[in-house]
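First chain written, first letter: the chains are A, B and C, and each begins at residue 1.
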Amino acid sequence: MKQTIFFTLVRASALVITLALGGIILYIFLNGFSVISWDFITKPPTDSMTKGGIMPAILGTVYLTFGAVAVGLPLGIASAIYLTEYARQRRVIRLIRVGINCLAGVPSVVFGLFGLGFFVIYLELGSSILSGSLTLGFLILPTIIGASEEALKAVPQTFREASLSLGVTKWQTTYRIVLPNALPGILTGSILGIGRAAGETAPIMFTAAAYFTAKLPGSVFDEVMALPYHIYVLATAGTNIEATRPIQFGTVLVLVAVVLGIDLIAIVIRGYMRRNKRW
Amino acid sequence: MNVIRKLIFGFCMLYFAAGVSAAADSIVIKGSTTVLPVAQGTLEAFMKANPGVQMSLSGGGSGEGIKALIDKTADIATSSREIKPKEIELAKSKGVHPVAHIVAYDAIIPVVHPKNKVKNLTVDQLGQIYQGNITNWKELGGDDLKIVVISRDSSSGTFESWDHFVMKKAKVTPKAQMLASNGALVTAVAKNKYAIAYLGIGYLNKSVKPLQVNGITASIQTAMSKEYPFSRELYMYTNGEPQNAVAKYLAFVKSTQGQKVVAKEGFVPLTEVQKVGKKGKK
Amino acid sequence: MDKKSVWGEKRLMTRKTKEIFMKYIFFLFSLVSVVVLGLIVYSLFREGLPLFTVVSVKDFLFGMEWYPTYEPPSFGIFPLMVGSLIVTLMATLIAVPLGVMAAIYISEIAPQRVKEILKSVIELLAGLPSVVLGFFGMVIVAPWLQETFDLPTGLNIFNASIILAIMAIPTISSISEDALYAVPREFKEASYALGATKFETIVQVIVPAALSGISTAVMLGMARAIGETMVVLMVAGGSAAIPESLFDSVRPMPASIAAEMGETPYGSAHYQALFAIGMVLFFLTLAFNLIADYVSHKFKQTGSATL
C-alpha cells in the first residue's frame, strides 16, 4: 500500500515537471505564434517598437553568441586538454579544478558586474559586442571545459598508446588523434553552453545591450540589441508595454525556439553518437 | 580539423576588420524612460534624413543617462530632471562638462485604476499616501480598499521630480513597489484596482485614470502655463557644446519637425504647435 | 650538444622543444579559469571595499533601510538579504521534493523509453533562458495570482518561489539522479535478496546511500536560486522591506544590483554599495558550492569493493 502511494507521488512529480515545461512552451507558442512572420524575423522595429520586426535583436544575439564561442571554445578546449592529457601534479590540478567549479557557481549578475568593471570601464572597451562577448565567453567557460574533458576522456587510451608507440609525439597525438575523435563530443556538450550564452540577460545588460539601435552594428565596438534583453526591456521599461505585448511574446517564442532548438539538436546528436560509437 | 581552424581564424579576422573600420559618426543616447518616446520618435525621423549616422538608444532612467555621460559611455543623456550638483562635480572631476538642452515639457500626473472613485487629491494627501501614512482608499472618499503604492526606482528622473514636488525629501514607504519605467507603471495600474502611481503626460492612455491635483487637471495648456503644479522640463545633456552629428540631432529635436514628434508622443512641445497626436489628447 | 636533425643540420625547434612549448601553452590556457575567478574577486573587492569607509560593515549587513539615492543615503541590505533568503528557501521547499522524486522515478522506476524522454525534458527545462521564465512569471502567473487571490500585486514571494523552483529543479534532479545511479548494484541486489520490496529498497537502502549526492544536489540548487537575477528582477516585486506575508513583494540582492547598476556613476558610493552586494552574493554562492563540494567528497560512497 505504501508502495503504491509512493510510486504515485513519484510518477506525479515527473508528470508535474513535464507539464510545467509543456505548459510554458505551449503558452508561449500560442501567444507568440500570431506575430511570427517572415517580416518579423527580417525587419527592424518601427513606430516605437509597436510594429515591425526584431531582426536587429536576432542579429545582435547571433554576434554575441559567436563572440562568446570564439572566446570560450578555444580557451575551454585548451584547458581541458591540459587537464586530461598533460597535467601530472595533483596540487595544480586541484587548484585549477577549484577555480573552474567556483567560476561555474558565480551568479550571472556578478559576471555582469565583472564585465562592467573590467572590460567596459577598466579596459575601456565600452559597452560593445566585444565586452559582451568576453563576459559571456567566460560565463560559459566552465561548461565547455566540462564537456571537453568528458569528451577527451571518452577517447580510448589505446588510441593514445598506439600512437605513441609508433613514435608520434604527445602533441601530435593530441592534435591529430585524440582531438578529432573528441571533437563531436566537445561540440555537442558545448552546445548547452552556447544556448546559455544566447539566452543570458544579466551579463549583457551593462556590457553590450541597447534598447534600440537605429542601424545594424558596424564594428565590434558598437552596442547591439539582443533577444533576451529585448524581452526584458519591452516587458518592463518600454514606452508602450501593452501594445508591444504580442511582440514580446513573439520575441520570447523566437528565443525559446532558437535555444531549445539548439539544445534538442545536441541531445539528439548525443543520443545518436552514444548508440553508434565506433569503439 | 584544419577546416575548423580556418573558420575560427576567419571569424577572428572579420571581427578585427570590423573593429578597425569603426563607424565614423555614431550617437549613443541613454537615459530617461520619460524622454524615451521623444528620443525614439525623433531618432527614427532623424535617421530617415541622415542614414549615415549610427545611433543607439537605451532607457533605464535619468540617473543612468547622466551616469553614462559622466562615464563617457554616451553622447547624449536624456533626463527628466535637472542634473544634480553632486553629479556636476563628479562630471567635472572626470573632465566632462554637462550642457543642458531643454527639448520638451512634461507634466507628472498621479493615476489610478479606472474603477477607482477618487478624482482629486491634494499635494499633501499624495505625500501622505506615498509615505505610507494613508493606507486605505476610503480615507480619501473611495472604496474600502488597501492602497498599493507604486513608484519608480531610484534611477528615475520622474521619481526625483515626484520627490521634488510631493515628497520633499520624505522617504517613500519601503512597501512601495519600485518599477523600472513609466511604461511599467501604466501596466501595473491598469491591472490593479488598488494601485496609485505617477507618470509623465506622454504615457497617459485610456487604461488608467488621471487624477486632478489641487483641483487642476493636467493638460498641455496647464502644463505650459505652469498652472498645473507638477510641470517640469525634459532635458538632453551633452558633454560640452554639441559637435557634428550630435549637434545636428539636437537641432533637429528642437526644430518644428522635432517638436511635432514631441506633440505626437503626447508631451508638451517647446512652443505652441498645433498638432494633436494619437496619444495625449486632453 | 647541438640539436641535429636527421640530415645533420642544426635545428632550434626540435620535436622535444615543441612538446615542452605546447605543454606550457596549454598550462597557461588552463589557468584562465583561475585567473578570471581571481579577477572577479579582485574587481568585486576593488570596487566594493571602499564603501566601508563610508558605512560600517555592521550597518551595511544589518541596516534595515535601503535608500541609496537619498541625501544622506542609507545602505542597509538586511531587507535585501531577507528577501533573497526567503525566496530561496521557498523555492527549495518546492523544488527538492519534486526534483528528488523525479530523480528517483528516472533512475529506479521508469521504463527505458520514458527515462530518456524525461531526461530530455529536464535538460530542456534547464535550457530555458531565465528571462523567459521571468517573463512568464510576470505576464502570466502574476495576473492570475492577482485575480485568484485578490492580491494587491501578483509580483511577490510566492510567484518568485514557483519560478525559481522551476529553474532549480533540473539542477537538483540531474545531480540527484547521478547520485542514485552511482549507488552500487550490490546494495540493491542484497536488499532484494533479503526479501525487501522495491519501495523498501528505494527508501531504506538506495536513497540513504545516495544521500550525500542528493544533499549536494540540493545545495547546488539553492546556490542557483540565490544567484538568479532576471527572475527575481521581473517577478519578486522590488520593494525593499521585510515581508510580512508570502504574498508581499521583496527585493532580493541580485535584483537590486541589476535594477540599480545602470544609474550609478562609476565610483559613487551607490556604485560601491552595489559591488559590495555583489561581494556578499559571491561569497554566499561560494559557500554553498564549497559545502556541496565538501559534502560530496567527504561522504562519497566508496565502491562496492569495500563491502
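Keep in mind that, in the parts below, a contact is a pair of C-beta atoms (placed from the backbone, for glycine too) under 8 Å apart; a residue touches a chain by one contact, two chains touch by 3 or more.
These figures come from a predicted structure and were not determined experimentally.
Distances between chain centres, each the mean of the C-alpha atoms, put B farthest from chain C.
Here the largest set of C-beta contact pairs joins the chains A-C. Chain C has its Cα centroid 35 Å from the Cα centroid of chain B. A separation of 34 Å divides the Cα centre of chain A from that of chain B. Averaged Cα coordinates give chain A a centre that lies 16 Å from the centre of chain C.
Residues of chain B found to touch two or more other chains are 60, 71, 179-180.
Chain contacts: chain A has residues 74, 121, 236 touching two or more partner chains. In chain C, the positions touching at least two other chains are 262, 266. By the touch rule above, chain B contacts chain A in their complex via residues 1, 4, 8, 11-12, 15, 18-23, 26, 28, 33, 36-37, 40-41, 43-44, 47, 51, 53-60, 71, 73, 179-184, 186-187, 190, 203, 207. Within the complex, the chain A residues that touch chain C are 2-3, 6-7, 9-14, 16-18, 20-21, 24, 27-28, 74-75, 78-83, 85-87, 95-96, 99-114, 116-118, 121, 138, 141-142, 145, 169-171, 192, 195-196, 198-202, 205-206, 228-229, 231-232, 235-236, 245, 248, 252, 255-256, 259-260, 263-264, 267, 271. Partner chain B is touched in their complex by these residues of chain A: 46, 48-49, 66-67, 70, 73-74, 120-121, 126-127, 130, 175-176, 179-180, 183, 209-215, 218-223, 233, 236-242.
Chain B contributes residues 60-64, 66-67, 70-71, 87, 90, 146, 148, 153-155, 169, 171, 173-180, 188, 191-192, 194-195 to its touches with chain C in the complex. Here chain C touches chain B in the complex through residues 65-71, 79, 143, 146, 152-153, 155, 237-241, 248-249, 251, 259-260, 262-268, going by the rule given at the top.
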